[in-house]
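So, here come the structures, one by one.
Two complexes, one shared chain (chain A), two partners (chain B, chain C).
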Partner chain A sequence: MSAPATFVPSTFASLIAPGFFSSGAVRTALTIGVLVAIVAGVVGTFTVLRGQSFAGHAFGDLGSTGGSGAYLAGIGPLWGFVIAGIAAAAAMEAVGVQRARGRDLATGIVLGAGLGLAALFLYLGTTATSTTGATVTILFGSIFAIPSSTVPWVLLLALISLALIAILYRPLMLSSASPELAAARGVPVRLVGALFLVALALTVALTAITIGSILSTALLIGPAAAALRLTRSPRAALASAAAIGVGTVVLGIVLAYDSNTWPPAGHAWPVSFFIVTLVLIAYLASGVPAYLSRRRDSREGRDANAGSAGASTLGAGGETTGAISTVVR
Partner chain B sequence: MKVSETMTVDALETAPTDAGAGARARAEVLSVEGVSVHLGGRQILQDVGFQIRAGEFTGLIGSNGAGKTTLMRVILGLQAPAQGRVLIGGEPRSRRAAKIGYVPQKFMLDPDAPLRARDLVALGIDGQRLGFALPSRRRSELIDSMLAAVGAGHLAEKRVGRLSGGEQQRVLIAHALVSRPELLALDEPLANLDLSSGHEVVALLARIAREQQVAILLSAHEMNPLLPVMDRIVYLAGGRAASGPTGEVVRADVLSRLYGHHVDVLNVHGRVLVVAGSEPGSGHGEWAVGSDEALTADQPGEDRGDSGDGSVEVIS
Partner chain C sequence: MFQGFMIDTWVVASIVGVIAGIVGFFVVLRGSSFVAHAIPNGAFAGAAGASLVGASTLLGLGVFAVLGALGIGTLGRHGRHDVVTGLVLAFMLGLGALFLSRTIEYAPAIYSLLFGEVLGISHADLVPTIVLALLCAIAIAVLYRPLMLSSVLGEVAAARGVRTFALDLAFLLLVALATTMTVPVVGALLIFSLMIGAPAAARALTSRITVAMALSVLFALISVWAAIALSYRTNYPIGFFVGTISAGCFLLGRLWSRIRGGVA
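What follows is the complex of A and B.
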């Protein structure tokens, strides 16, 4: 990485450090990152629309348990995330926790216990292998360390999630907008909700291997929340959420690769840090157009008021003049 | 403005009335027969029965807790009755959702939710079907004409969550009507509207019932806003119903029988008030079905009710 370039295109070009595209780890990371960001954008949009971001967060927390359990058992963390997510979805469906706000306390205690179990699994795992890498990988992700053999599985899970959303699209949209309207049209609202939870659990498993189970909701919710502030129609929201997600993931990977040369030199900064930070920036930036249009509206409102006030003053003035001229005449 | 008015007329006249509007006007759209519902050991509805024909405007009137929403749910097929049945178009109620358009009482959508008025109406065409709907010109023209027909053409591109209560009602009515139902059921559509929006919605619904020959069933706790347009009334009290032409139901004798104690029906400045009578045992005149307007009625002496004595004190 050289000194800051003077203009933008060369800044971007110089961001891509030598060897970026020839690295197998980078290619795997980019493939997984882009796939996951697309799915997260689509599923995340429905998650926000349905007000279920807490369910996504719960899947992330319990994913920590599953991922660390899988690590202890010697299988890939992805399967731990998937199994924990599906189990959590089934439990939520059984208890009916997804909508009931009154169960907050119980949910918090269960999630805390899940993370406690994750701590135990990670402790046992790391003392057995005398490495601490797994803790960071599972909780905070390390996309560069994912073996390329995982790619087909990521692709499969991504396709299952997207297919569920595509098949359920209309009833899901209707029951997200209003369960009452959907039920009145004969939509099996509960079944649609349960199938959506499956898609959500799989998606959180995917975001968990990308940026870690603890941070997984950021990639799920952030791009979708930003997209909702920028768009009006469902399709535009889905497309922008996916695009914002892909943008943050790709740029995050580029920056992380580049940070090899940043202090302390020789160690790349965590990709998850960059992705989560970029998601936050995208979310904050998405508020700007809305803020500007609100300000414009209120200014127009003021102008309109000022205009009418001016007109009435003029009118009054005109009458006064008329009265005066009558008197004079 | 001219254009949108023309579209309004077009949209309303493309209703499938060519098979004989006269025959359809007589057609029985909804028949509720002896419906009883128990929930949690309580009897919510008891032997409720009434019929609605095409083009009729029916008010489902009752105070809070009288069972209006439960009855709506039975009609929509969301609640199975313990006894009795619901016939729609003469057939037992099944999953034939398209025959009933429904406007729920509760409709909460986040202001940022990416759902424009036209998207919600599109979901009224085939929102229950799997997969995506392919955009087509016919489809978008249908949506545009439906929105124009309810006076919401200018709202098509706006997010539903950012519309006012009255605007949302119009869009929801368009959503419910776009699949050409025979019955339009609305659960307390006036509850969250200011007076003038409420009047506009009622006038719109009356026009739809007349021009499109759709049967309308509207629930409300206040009958007065509906009096000018209501053909029939289903009056619910204590889980039981009295139904028929408005003038034949809103009478002291009929409603007293329904309530199981004496009530008076007062006509104050063209508004109807139903108040508990002053017979021994009925306490000192509690409001059975009151209204905010009733509390401001300033000339109780002008009461022309069937048996007003004693009720005058209630009002003043």
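What follows is the complex of A and C.
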């Protein structure tokens, strides 16, 4: 199989030539990383708006089911991720992910069953071939061990997800901001939701092979949540989510590359650690304006509720909620 | 299956089942499945860190579970709860990746922590598990009324002066405590499915709170026992059985309530 079967630090030193930009592995990592960050930012914005972070994370974890299943079946891990993602999306839809109440429960049940299967696949896979570290590779992934032949496929998947979002843009935005209003205007809310779930599954399959199935959560949720705290305009939020994502990925790759020369020399730090930390910092920083305005509000002796209500509706974005938060302010 | 060395496993697993059934009941009531998944999963990083510095796994699990709960609680006060949960989880796993890259302890140990290990329970685990279970039981007894009120009727509880933020934090810490004792048995990835499968099934069967809670404990116990027995017989990982049986419980509960056309 063509899967990268090694863990970052051990292969890092041998994979990377002295120059940062002359290294093929770094170029591939940068290409895929930027691409994935853009798609994750766009899809993530809707994910956060719709309150489906758990589903977004679950697809990443379920990717380990697909990855380990693909490993057993001898097909490429990317296809394992894609198949598992779409199957999981269908299962969640069947169990009842479309109703806001019980949505997390349905996600959890599907995730639990999927992880159980992953345990079985990994067990069968590791006893059959005794490849140590397969578990860790699938779960944590490695952006530096992507074969460059994967790039065209990643590009294709990225285009499919973006195209889905572009086609669905207006009904999706409306039904994310206010399902009732969307239904009243004749938007097929359930169909839109199901199609979005497929786009989400494809996107997470993408992020999962770049920074690992579990850590993909950060890139999907973090930049989007940060962007939605900074701006109320949907388009601006989409653009800034993608920009924040790209920034964290590029900086993370550079830092991981540099870390090879840090104190315990010759032993690089995992790139996913850097990316996730940067994403968390970006999210925390995005809360500063709201925090300052909350403090100003309470200092001016206004009703403290106005500040927090404004801050929480700010996160909801969209035309309708944007209007609401303007009224509240 | 019931030889001497397995006795400790059965005892520990039964305690795990009872605690998971009770704590999980509140998880389902409060719609906190994501938190119940995130805290154990993130605590796994703590176990990796503990093995790095040579501390006990249980200590690492406990410290990270508590830190994760506090992080989700405080950040969630002014942010979206699900977003914050996801980010804290991702960050903890990022730390886990860092710790793992520094240790030489590879696949087998990690695998058993992620997916559980029946035969990994030794006599030495008995005392810490019992102590943690007692702590959990005391915490639940103290918090029972306000927690139940705020889980079922959030606004009413707030109106009656229940401090929602403090209670939310207390609930998260309860999950952290339950996590610490259950992860070594069932595994970091699948403990949450035990915590939501059984209670969700119980809730589908009856609308009476106390009966539902008792059923939840019963289902959780049956799930754990069956998973251990099957895992022992087949040698397949216990996590596989826990995940499948929990999902099965949930589906049967749903089916039952649909046939009856009842509460759900």
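Just so we're on the same page, the second predicted complex is superposed on the first by the 249 of 329 C-alpha atoms of A that agree within 3 Å, B and C clash if a C-alpha of one lies under 4 Å from a C-alpha of the other, contacts with A are read in each partner's own complex, and residues count from 1 in each chain.
In the analysis below, a contact is a pair of C-beta atoms (placed from the backbone, for glycine too) under 8 Å apart; a residue touches a chain by one contact, two chains touch by 3 or more.
Predicted, not measured: the structure shown is a model, and the values here were computed from it.
Enquirer: Taking the superposition as given, does A:222 touch the first partner, chain B, the second, chain C, both, or neither?
Expert: Only chain C; A:222 stays clear of chain B.
Enquirer: Please work out whether A:123 is in contact with chain B alone, chain C alone, both, or neither, and reply first, second, both or neither.
Expert: The answer is second: A:123 touches chain C but not chain B.
Enquirer: Examine A:109 and indicate which partner it touches, taking first as chain B and second as chain C; both and neither are also allowed.
Expert: The second partner, chain C, only.
Enquirer: Can you tell me whether chain B or chain C touches more residues on chain A?
Expert: In the superposed model, C touches more residues of chain A.
Enquirer: Counting only touches as set out at the top, which of chain B and chain C does A:182 meet: first, second, both, neither?
Expert: It touches chain B, and chain C stays clear.
Enquirer: Touch check for A:53: first (chain B), second (chain C), both, or neither?
Expert: second
Enquirer: Scan A:155 for contacts with chain B and chain C and give back first, second, both or neither.
Expert: Touch partners of A:155: none, neither chain B nor chain C.
Enquirer: Which partner does A:171 reach: the first (chain B), the second (chain C), both, or neither?
Expert: In the superposed model, A:171 contacts chain B only, not chain C.
Enquirer: What is the shared patch of chain A, the residues that chain B and chain C both contact?
Expert: 51, 229
Enquirer: Spell out the part of chain C that touches chain A in their complex, as residue ranges.
Expert: Chain C reaches chain A through residues 28, 31-34, 36-37, 41, 78-80, 82-83, 85-87, 89-91, 93-98, 100-102, 106-108, 110-111, 114-116, 187, 189-190, 192-193, 196-197, 200, 236-237, 239-244, 246-247, 250.
Enquirer: Under the definition above, what is the set of chain B residues touching chain A in their complex?
Expert: Contact set of chain B toward chain A: 76-78, 95, 97, 100, 102, 104, 106-107, 109-110, 112-116, 119-120, 123, 126-133, 157-160, 172, 175.
Enquirer: Touching residues of chain A toward chain C in the complex: what are they?
Expert: For chain A paired with chain C, touching residues are 7-9, 48, 51-54, 56-57, 61, 101-102, 104-105, 107-120, 122-123, 126, 132-136, 139-140, 212, 214-215, 217-218, 220-222, 225, 229, 267-270, 272-273, 275-277, 279-280, 283, 287, 290-291, 294, 308, 311-312, 315.
Enquirer: In their complex, what parts of chain A are in touch with chain B?
Expert: Going by the criterion above, the answer is residues 45, 49, 51, 166-171, 173-174, 177-178, 180-187, 227-229, 231-234, 236-237.
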